[in-house]
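Two complexes are shown next, each including chain A; its partner changes from chain B in the first to chain C in the second.
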Partner chain A sequence: MTELFRWLSFIVCVIFLPLLTIGTIRKTKARLQNRIGPPLLQPLFDLTKLYRKGETISDTMSGVFRLTSVTVMADVMILAWLIPWLCFKPWAPEADIFMVIYLFAFARMFTLLAALDAGSAFGAFSASREATLSLLVEPAILLALVALGVFSQSSDLRVIFSLSPHQTFVSSGIWIASGMAIVFSSLVELSRMPVDDPTTHLELTMVHEAMILEASGRNLALIEFAQSLKMSIFFGLATQCFLRALPEFSLIGTYFQAALNIGGIFILAIFVGLLESLTVKLQWRKVPEFVAYILSMSLMAALIAVGSRVIK
Partner chain B sequence: MNISATELSILTSASLACLIVGSLHLRVNLWLYALSTLFISLATGLTARQYSDTNLFYVAVLIVIIKAVCIPKFFSWTIDKLHVQRDLGAMVTPPLAMHATMLLFALSFVLTREIPSHAGSGNGWLGAAGGISLVFTGLILMLTRRLAISQILGFLVIENGIYVFALTQTRGMPLIVEMGILLDVLVGVMVSGLLLFKIQKSFEHIDVGQLTELKD
Partner chain C sequence: MLNNSTICAIAKLCKYCYDNTRETFLQARELLLELPNFEISIIGALAGLLSVAILWGNQKQLKSGIPAALSCLSAVAAIAFLTVTWGKELDWQSRSPFLLGVFPATFKIDDLGRLYLILLSTIVSTVSIFSPGYINHLSGKIHAGQYWICFLLFTFSMFAVVSSADAITFLVAWELMSLASVALVAADHSHQAVQKSAFIYLGATRVASAFLCGGFLWMHALSQSWSFSDWVFTAESSYFPALLILLGVCIKAGIWPFHIWLPYAHPAAPATVSAIMSGFMIKVAVYAFIRILVLGSLNCFWLIAIVFALAAVSAFWGVLFALVQNDLKKLLAYSSIENIGLIFMAIALSLIARLHGLSEVADIAIVAAIFHSWNHGLIKSLLFLSVGSVDAHAHTRDLRDLGGLAKCMPWTMTFFFAGSFAICSIPPLNGFSSKWLLYQSLFQNVIQCSSVIEKGVSLAAICLLSAIGALAVAVFVKAMGVAFLGLARSSLASHAKEADFGMLAGQAILTTLCVALGANTDIVFRLISNSISSCGLKVDHVLSNSLPSELVAILLVGLSAFIYLVALKTSKVRTYKTWDCGFGSLSPKAQVTSDSFAQPLARIFRPFLRYENVSMIEGQDRRHFPEKVTVETRMASILEKRIYLPGLAVIAGLAKWLARLQAGSIHLYLVYVCVTLCLLLLVGMAL
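Coming up: the complex of A and B.
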């Protein structure tokens, strides 16, 4: 593939994959409730509708609120460029694990500030919950990525996710455990079902949805799109982990790899849709326990990685 | 580091046993125990094929029948009769206990590293590490549970660990010894099942933490 073609396909994916991922989740949930459900591109129609709508802003808000949606969007776009979540990504500079983690945290900090800036009681509630969640899930996701880093002796995501022809049971184990940890911690990070129900409209229990209650019009469209792009980045990263666990993955053709990658993102979206239809929301007190289970997967990956380095 | 299929199935079995510690649902525990035992019998079968030992092959079949089918069936029948669904847990929450189990799993690799491998069996210490880790897992299981039925499950996991250790270090024991052990385990489980009914009848619960309270 030429560099230009890579850029073109990357831009198309960044625009359409997030919308299709959200669409797939909604469609799966609708089919499980015996409804036909909205078309797959409904999120796109929603966004265009939001774009045409006017915006209402409270007089007490400062500039932080207006700055938030743009900052979050830009931050997530940079992450989409840096993180190897697609095989056919164009050239990108070095992406250190810790920088990536804290770029995610940076976006979250701005969302929290905007929720507090709006001055509504629900915003402050949800901001405190989001801060707790991020505090809980950060060790899990960090440990999963660091385990991969230890295994490939680098903290650069490009090196970690470079295709190596050496496949052993040990490396497959690390990839699968880390991939599982990334999938489940993304559910916490994106405040989706077992932790928070994104479709409920009870402000007292919402996490992410309550933080963006005050946003409207184009502001809301940007925030929603950034959130769905973040979701596809996480799913793409997890798919990359799972694909590297397959034997001989590095030997198959580039186009087939890309097809497997995109297919994997949709399979994860269907899985999340199933999870959201079949499980109930966890009690808030039970969330740390759920995160501890995720942490045990990362711990497993880390132990195997360190063990395979120490014991030859 | 290359792993043989036998060692891989032993390590899979040890990881499945780690998961038992993570759940308080008795039925999930039984399923995981049965799966873990199936992998142990797979390891036995693979060892039997490696040394073309017919007796060891019979042991593998017996393990499937007695430890992976009969004992879980008997326990699920007991659970139905006693009307208990989940353990209450003691001292630490299950995920934290699972973290401790995983760290002990790692520790067992360090402990068994120096075991000399006997001729023709490759690096036998990986399987031994699985066996030691199963013993640790059973110990943690017995420490962090309150129902008598989970304590018996912990004992069974320890028994699995000892069997695996013997299998990897001595290519298994003679058939007659193995049959004796399996019979002992089966009878032990049956007797402890009867005891469970007895405890339930006289105390109206099977919580070992409250057995010291006197009743008239």
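Coming up: the complex of A and C.
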């Protein structure tokens, strides 16, 4: 693939994949509830409608609130460029694990501030919960990535996800464990079931939806799109991990790899849809236990990675 | 059109200018080096102090402009002097009448010291710009003349500590520094809380100095020299003095479990003093650690491992306790404990890695430690100054009374936000660059070291660091959000005004530095590793992977501006009330409080925090029509209650018992003198 073609396909993916991912989740849930459900591109129609609407902001707010959607969007776009979540990504500079984690923290910090800006208790309490969730899940995500880093002896995600021809049983174990950890921690990070129910009607119990309660119009469109892009990045990263667990993945042709990559993202979306239909939201106090499972998966990956290095 | 000859002429002109500037610079450098600079600068500084003391010492309503300008100018001059003489080692020894007892005072400035001295001068110059406005607001509470004398003495003594070359000069300057800072903490000594804090801090400094004295005397006995460059900590006999020195250093730095003085001293002191104490004075302890023990190549594994463990505990402990504070300055003090823990972790990691021969890890870690002391120094001074300007204009720094300052203090808010983002190590600001180096050194340690246990410990430390990072985000979002956003929680906060120009300028300079230092990690890494290498510790590794921070910074700003212009600038905005569920207008009381924001996190760490939250709802039909609702949050410091207070009680009891010796009778004292004399004579004969 030429670089120009890569850029074009990347931009198309960045624009449409997030919307389709959300659409797939909604469609899956609808089918399980015996409804036909909205078309797959409904999120796109929603966002364009939101984009055409005017904004209403609270008179309590400072400039931070409107700055947030903009900076979060920019931050997530940079992350989409840096993180190797698609195998046909154009050239990008070094994506250090630790920098990626802290760029996510950048977006989170702005979102939390925006939630506090209106002076409403809905936003503030959800911000408090979001801070708690991030404390629980951040070590798990970082450990999963560090396990991969230790295995490939580099903290650069480009090097970690560069295709190596010989896959062993041990390395498959690491990829799968890390991939699982990334999928489940993304559910916490993106405030989805079983940690938070984005479709509940009660703002008091929500996390992400309550934080953006005051957003409207274009502001809301930007935030929603950034959130769904973040979701695709996480799913894509997890898919990349799972694909690398396949023994002959590096021998497959480039286009087939890309198809598998995108297909994987949709499968994960369907999985999330299933999960959201079949499970109930966890009691708030049970969330640390759920995160403990994720952490133990990352820990397993890290132990295999360290162990394989020691044996060598 | 430009033709060839024009270009040649321009090139010649450029070369001429360059040569001339270079020559002038070199001449100035020679001139400075030839001056008997130390004598002049020391005598100058003392004369300045004396003149301040004589002229203004007794004026309670001192106009702070002149001493502030004086100290700012001398700090800038110091920066200029230090940069011009970069790369040269400057030695100075006092001559005959100016001796410390029988020893000459010896000073040496090398590149390691220079790094710290430039940080000190930067902080002092910005604090001096900030001070006049701040002192004006405190007029009546503190004695301006005394403040400036102690301030100048404090600065001078810190300069002396960092540039001293032998143990005695170091101790004298160290004591001067401690006492001057105690006097500054007690500046507003009419309050009982301030008196208590000053006493606790004084006690901490005494204990620290006692340990240092013990360690220094012991090392003198071992090496027969007072000079730091002669001290080596490789023999087993030197481990015990190393332990004593470490204890002294840890107490001064505020490492767990010796941190308890920090949250007392910082809130009591004026904000400018807290800025210097937190920004630089605790870094003096870091400097002493590096100068004495790291350059003395300490190689006792267990000692270093204990330091690493304590540092990790204090990093976590600090940020955890910062979370539940309501006083902004106390919150910042606990955050200092966290950061000093990170710095000590880096130093300990560097020592252990050097012990195992992993020079790359050791190099990255020691650079991370020094870089993080720089960054934390700048960021923490900035944050303390911002809180100072909040305190001066809203007359409170209690999060329960603040809120909505964004509307009345937009600039202070901008600076406080920048500092908060930097201290949460958000890229592309400077806090991230140094924390990234620490992460990298731990990560390289996982890859390179041979022992499985150490790999595991390093992995755990990486996880701990990320948890600390997430907690720090919660802490500073709480501070920013509760103090500056939302509605004012009291009339104090709603009547606040923006700080004056000097106060804002001081913060603006620090903010600029925070942004600038984050931009390029490679240059700073090379600068720091070169300067350590020139002091005897070989640091020759280059960073294997670089951080695209400039690119990320440019992209973040560019993309944000682009999206703003395209999407948000043109959208129609209507201003309305905050969503209130249709119940009527929200009151400030309906907002989240600092306690309730921290509650879910505090619940998770209940056992550490001794956190209790009791709510009582009373009334006839209490579910639907409560008459009285009380919520009480209790939190106690287990360390203070269970360990320090009983320990102090034992010491106080012993002291009371010993006080019987001091009966007040001259006859008894004569007997003591006689007995001591006889004992000494006996000991002398026996030896």
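The rule is short, and it goes like this: the second predicted complex is superposed on the first by the 312 of 312 C-alpha atoms of A that agree within 3 Å, B and C clash if a C-alpha of one lies under 4 Å from a C-alpha of the other, contacts with A are read in each partner's own complex, and residues count from 1 in each chain.
The rule is simple: a contact is a pair of C-beta atoms (placed from the backbone, for glycine too) under 8 Å apart; a residue touches a chain by one contact, two chains touch by 3 or more.
Predicted model only: the values in this text are computed from it and were never measured.
In the superposition on chain A, A:Thr48 contacts neither chain B nor chain C. Contact with chain B, but none with chain C, is seen for A:Ala292 once the two complexes are overlaid on the shared chain. In the superposed model, A:Thr254 lies in contact with neither chain B nor chain C. Using the contact criterion defined above for the overlaid structures, shared-chain residue A:Arg309 touches chain C, although it does not reach chain B.
With both complexes superposed, C is the one of chain B and chain C in contact with more chain A residues.
In the superposition on chain A, A:Thr200 makes contact with neither chain B nor chain C.
In the superposition on chain A, A:Met300 makes contact with chain B only, not with chain C. Look at A:Val170: by the touch rule set out above, it reaches chain B but stays clear of chain C. When the two structures are aligned on the shared chain, A:Ser162 is found in touch with neither chain B nor chain C.
The intersection of chain A residues touching chain B with those touching chain C, taken from the two complexes, comprises 306. In the complex of the two chains, the chain A residues touching chain B come out as 168-170, 289, 292-293, 295-296, 299-300, 303, 306-308, 311-312.
Touching chain A in their complex are the following residues of chain C: 403-404, 406-407, 410, 413, 417, 421, 424-427, 432, 435-436, 439-440, 443, 446-447, 452, 455-456, 459, 462-464, 466-467, 469-471, 473-474, 476-477, 480-482, 484-487, 545-549, 551-552, 555-556, 559-560, 562-564, 567-568, 571-580, 586, 588, 590-592, 596-601, 604. Those residues of chain B that touch chain A in the shared complex are 1-3, 8, 15, 22, 93-96, 98-99, 102-103, 105-106, 109, 113.
On the chain A side of its complex with chain C, the touching residues are 51, 54-60, 62-64, 66-67, 69-71, 73-75, 77-78, 93-94, 96, 98-99, 101-103, 105-106, 108-109, 112-113, 116-122, 124-125, 127-129, 131-132, 134-135, 138-139, 142-143, 146, 149-150, 153-156, 213-214, 217-219, 222, 284, 288, 302, 306, 309-310.
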